[in-house]
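Here's the structure we're looking at; comments come further down.
When the chains are written out, they are named A, B, C and D in that same order, and each has its own residue count from 1.
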Amino acid sequence: MNALSNTAFECCVTRVPMQHPGDMSGIERLFDQGAMAPETVIAILGKTEGNGCVNDFTRAYAVFALQVMLARRLKSTPEEVGERVAMVMSGGTEGGLSPHYIVFSVKPSAQRLENGQKAMAIGTAFTRSFLPEEVGRMTQVEATAAAVAQAMQQAGIASVDDVHYVQVKCPLLTSERIAEAHARGQAVATEDTYASMGLSRGASALGVGLALGEVDATRLSDAAIGQDLTLWSGRASASAGVELTRNEVIVMGNSEAWAGDSIIAHAVMEDGIDFPAVGRALRAAGLPIDGQLPESAANRLCAVLAKAEPARSGRIRGNRHIMWDDSDINATRHARALVGGVVAAAIGRTDLFISGGAEHQGPDGGGPIAVIARRA
Amino acid sequence: MNALSNTAFECCVTRVPMQHPGDMSGIERLFDQGAMAPETVIAILGKTEGNGCVNDFTRAYAVFALQVMLARRLKSTPEEVGERVAMVMSGGTEGGLSPHYIVFSVKPSAQRLENGQKAMAIGTAFTRSFLPEEVGRMTQVEATAAAVAQAMQQAGIASVDDVHYVQVKCPLLTSERIAEAHARGQAVATEDTYASMGLSRGASALGVGLALGEVDATRLSDAAIGQDLTLWSGRASASAGVELTRNEVIVMGNSEAWAGDSIIAHAVMEDGIDFPAVGRALRAAGLPIDGQLPESAANRLCAVLAKAEPARSGRIRGNRHIMWDDSDINATRHARALVGGVVAAAIGRTDLFISGGAEHQGPDGGGPIAVIARRA
Amino acid sequence: MNALSNTAFECCVTRVPMQHPGDMSGIERLFDQGAMAPETVIAILGKTEGNGCVNDFTRAYAVFALQVMLARRLKSTPEEVGERVAMVMSGGTEGGLSPHYIVFSVKPSAQRLENGQKAMAIGTAFTRSFLPEEVGRMTQVEATAAAVAQAMQQAGIASVDDVHYVQVKCPLLTSERIAEAHARGQAVATEDTYASMGLSRGASALGVGLALGEVDATRLSDAAIGQDLTLWSGRASASAGVELTRNEVIVMGNSEAWAGDSIIAHAVMEDGIDFPAVGRALRAAGLPIDGQLPESAANRLCAVLAKAEPARSGRIRGNRHIMWDDSDINATRHARALVGGVVAAAIGRTDLFISGGAEHQGPDGGGPIAVIARRA
Amino acid sequence: MNALSNTAFECCVTRVPMQHPGDMSGIERLFDQGAMAPETVIAILGKTEGNGCVNDFTRAYAVFALQVMLARRLKSTPEEVGERVAMVMSGGTEGGLSPHYIVFSVKPSAQRLENGQKAMAIGTAFTRSFLPEEVGRMTQVEATAAAVAQAMQQAGIASVDDVHYVQVKCPLLTSERIAEAHARGQAVATEDTYASMGLSRGASALGVGLALGEVDATRLSDAAIGQDLTLWSGRASASAGVELTRNEVIVMGNSEAWAGDSIIAHAVMEDGIDFPAVGRALRAAGLPIDGQLPESAANRLCAVLAKAEPARSGRIRGNRHIMWDDSDINATRHARALVGGVVAAAIGRTDLFISGGAEHQGPDGGGPIAVIARRA
């Protein structure tokens, strides 16, 4: 695919429910019914029902099942599918969230939109594999920024203002990886495996912010990662998983070079209960909301992508939350459940891609929310 | 207190944050500052930060700390305080919910409201102690209905239409109680002690529904309890505890016999994401909402009381939820987190009394929501 | 394979560590080094690091990864591998337990042992798929008993006294499966998904007990399953998983028809801290123990397979345990951690196949323990 | 009490089961039956059934219930009881561990033991309250060392060789306390509340090691705390709780100045499955063990006190453990369950005081184990 050629491309975004992390039946049905061709799939996001933390194997399981299934369809190998299709599984469907896949397919379109109108554009890029000691540090920030630029170019998005969502899948540190670094005499950013997820997400988000001009390069440093929360991207969404060692970047935006009726927009939630921000994102994507989204508009909604994060202050608008002090349920799990409820209140449905761990992704306690919709 | 005398009474509803389940500092400050007198306190509801399930000791801890504190203030004993002040702790502050107490105090008022205006009224009543074989069965339903009528009379609420929330604290079956029934040759409704909590809550809720004319008496039977979910009260909130063998009923409504500027209203959420119902409850209590409650209105909000329950169908508006299949986090915990998010989306704050276990309390997957507010 | 032919077979039991549920590297290394041929593998047991309860997807992930890997090696398909190799993943490595696979391979042997000496024998059989309403009921009991007999015959084990361990993998009920039965107007044994695991394991164990003559057929009934704990097998180990709908049976014992230096023995733990029973099982397998197993003997140990279950009485030798009352950690998780500690105390290592949920598998609170060792 | 006077004292150590964290019935029965006088109680240790982590309120609840009960018995106030009786609740009864109190009472004895024989001695001391920024740092180390020396003097233990167990209860950092320090411009040792428990325990243990000559003072520093695991005490047991801000120290040893038939001994477990070390501790306390403790010896056992900690290497004797990577169950919970199983294997009972978080308390992955027994 080369979006800069004369041929216009069209991005189709389809939500597919899943019964369990290895359930391929929904996507296979789309293939079998001819609604989508396997070879047009360029990215798959998924909300799987694990804990979204260190030992959440639902993500790797879903990725593996997708790769094996697509390899069979494409007469390829799982490894080749892994190279071809970006897959980002976000674990954790707390509260009322519903496990689902979001499949991004791209196909040539007869013609571009008229009058310089833009349609949704998408591009992907990968960094090289990181060593354990590079995770959560400036090396990861800079490599991510380079990958974002590369993905924008691939997507034919000329201006950073037209980028509305950048999904990054990034690695984490396990006890094994930490030991491997130690064996080579290298110190890692943290020896706490769970904390490594936050640092990896934070570094990735800062990389996005750097690429999009949202953060000041001179303020970035190893020390700032995970610490200086005034540095953030309003369009980054990073998700850490044990199943990879590199960063995988998916840039979504709008571009004149693309066709079709899909459009993407975003807003930034200032805190976990910023309901008005959800409304702003919906309206920016052309979906009128008055209380809850009316059915006519809901039918045009393709996907909601948002980040959730407990405020470090331990408070939401002055009232104490218990997310950080709960040793039975991880803080990100509480945060996803909360934001899932707030967004569902607006949308009226629960198959929402709410991803936890919003370090440097929106202001402390808040996060970006993107909406993909079809034009009326 | 006799609300039917010439003297009018005024009910004051005060939210008090808590730092931990034994934290009395907030309530003691109110006493010390003269904002409230200990002897006017008739009931305390609390959202404590336990798991809300079997081994949630935050509830008993909070009750014990409240009783010891009030005994000291009232120069009484914890046991006497227990007889005098109704205390209902609901465990679980998942998602963004904030632990807090809601203190109900009643004091004489100089005069009633003019022109037949109504103010918030509150009344309490107790059933007799139930035998183990009566718990979760029609005897409990009928005795609860009688207690609701008695509490209404005490509160001076003439019409069932003026009742907006009925909190019931009900017993459960322990192994000892079941054995005692067996020794007398009696069968109990269930031999599963955890399941008995649901049946006791369900029978209590149906008793409220019966008293308020919400359920058809001819459809009620032992077999219907816990099974026929089309029977429900839109104003009942039941909570089961091991420490009692009778039902304790707190009726809240509006009455001409009461004074002050507090008012209560309610609505019924059809499912866990029924945002419009939250808006209806707020507007019914005189709080204008457009998106999120504006600050001027939020300042007049005294308390929100709602029930949360996972839909037995395993779905919310057609999309699968994972609450019942999650063996790490109990289903009621997911449900509280979800409803907490939906209600916070409307209210803009998180100190909400969202309680789990809504058998026959609202439709399957939904539940009642009551709002107490001060007049503008 | 037909163990009754003139050719003797030899069973090789190999423990392989796993880094995560999809980690095939250990087994692939054995293949690559020629230590084992893929086509000789007839069964794989695994202890995976999920919660061992309803939403434990580590089991299905491991099975899928094994099938894909073996299919590649055998130039077959995952489905065919599933038909050929019995795979039983037991979720939950609480306490110090170490995730690992136990690979059972069978190859022809030059000659039988002399003087009627017996060597370890193994056989497998599958039941048909069960309908949801058959799970946890007599249909499952009887089908399992038939499968045990079939597997014994396959293994060439003539006497039930020579059977020392019968591993059964059995299905559970999910909300989806229950709804499917309801849609056909069928009632299931329980509507509680977690409880269905216990009933399925219990029915499977009673099926083993029936086949081995350990339980009286006249005392068996739907009502006895999960209730009459005086009925049990001292050699059954059942494990429930969401990934299958039939029972898969692996019978292990000793037989003159087999060759090689492996031997299996078992004992029954009377409760979770029955350390002497662990010693008896070790000694019966020819491993001398004095305190902790000495290194020379530990080197001859091939695998330990045991069941763990919380006593329903809520007590261990008179002292209260909290397993049943803990709403944060499931009871079986506590039980596995406990028994894992007790067995590790004897063995001095932690890669032990301790499986939770021992309903009708040993006495209440106890369970079978089998030891596979090489002769000195 | 002054153990150095001519009068000898006798320490009585009594295990008391608890039904829940507020259950005083067992201890009150001892008082009512005259088995123990309330005024002789100098310390109470308790294993309560919380999660043992940040939001474990069972500890504070138990302490509060004990203080209120003793205040009633002693015609005192809870606050005065708090000053008079050292109380250390350790949360977490994972695996098969049984919730219980260990009550230490001291009364004058008619005469000392003959021939310079020693009996169990006990002494207590408190540090001042720590500021949040002092927790987990050298200030806490040094204050703890001073308190140990003070408690030894009070107990009449002349030599550090006669000290066998030092229980320290220490504070942790909550979000609130961290914010308070930040408001004063102070940085804390960690902003991770859960991590603060480990640093506080570690600093406390190093304080014990410093006092007992087990660690080299010149190697101690803020940086070494929680990092240099080659520094450890083989007799320290530290437990962190949200309910206090100072360190409370209880020193236990043997002394000629004391009388009675109780004796204390200890050993150090090298890892979590060091069963032989358990045997050494038992034998050192005069309890013969062959496999499991015989009943005659078990009757003379008064208490077992041990620490549990996951090895940082992520391995136990080469096999991977999953404690650090489990985001559903905290690592210390796994470790307590494991060590509880190993110790129960030796003792044959489950009311064992196994406390989690053994930073600098024994070697990495291991920990001290102390046994209190009556002479034969």
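Quick note on the criterion: a residue touches a chain if its C-beta (ideal position, glycine included) is under 8 Å from a C-beta of that chain, and two chains touch if they have at least 3 such contacts.
Because the structure is a prediction, the values reported are computed rather than measured.
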Identify the chains in contact with chain A as well as chain B, in label order.
C, D
Centroid comparison with chain C (C-alpha atoms), farthest chain
B
Roughly how far is chain A from chain D, centre to centre by C-alpha average, rounded to an integer in Å?
47
Dist(centroid_CA(chain C), centroid_CA(chain D)) in Å evaluates to 39
Multi-partner residues of chain C (at least 2 other chains):
19, 49, 51, 55, 176, 322, 325-326, 328
Over in the complex, which chain B residues touch chain A? Could you list them?
17, 19, 49, 51, 93-100, 272-273, 275-276, 278-279, 291-292, 316-317, 319-323, 325-326, 328-329, 333-335, 337-342, 344-346, 348-351
Quick check: in the complex, which residue numbers of chain D touch chain A?
51, 53-56, 174-176, 179, 191-195, 312-314, 320, 322, 324-328, 330
Listed in rising order, chain B residues that touch chain D in their complex are 19-22, 49-50, 55, 57-58, 60-61, 64-65, 68, 78, 328
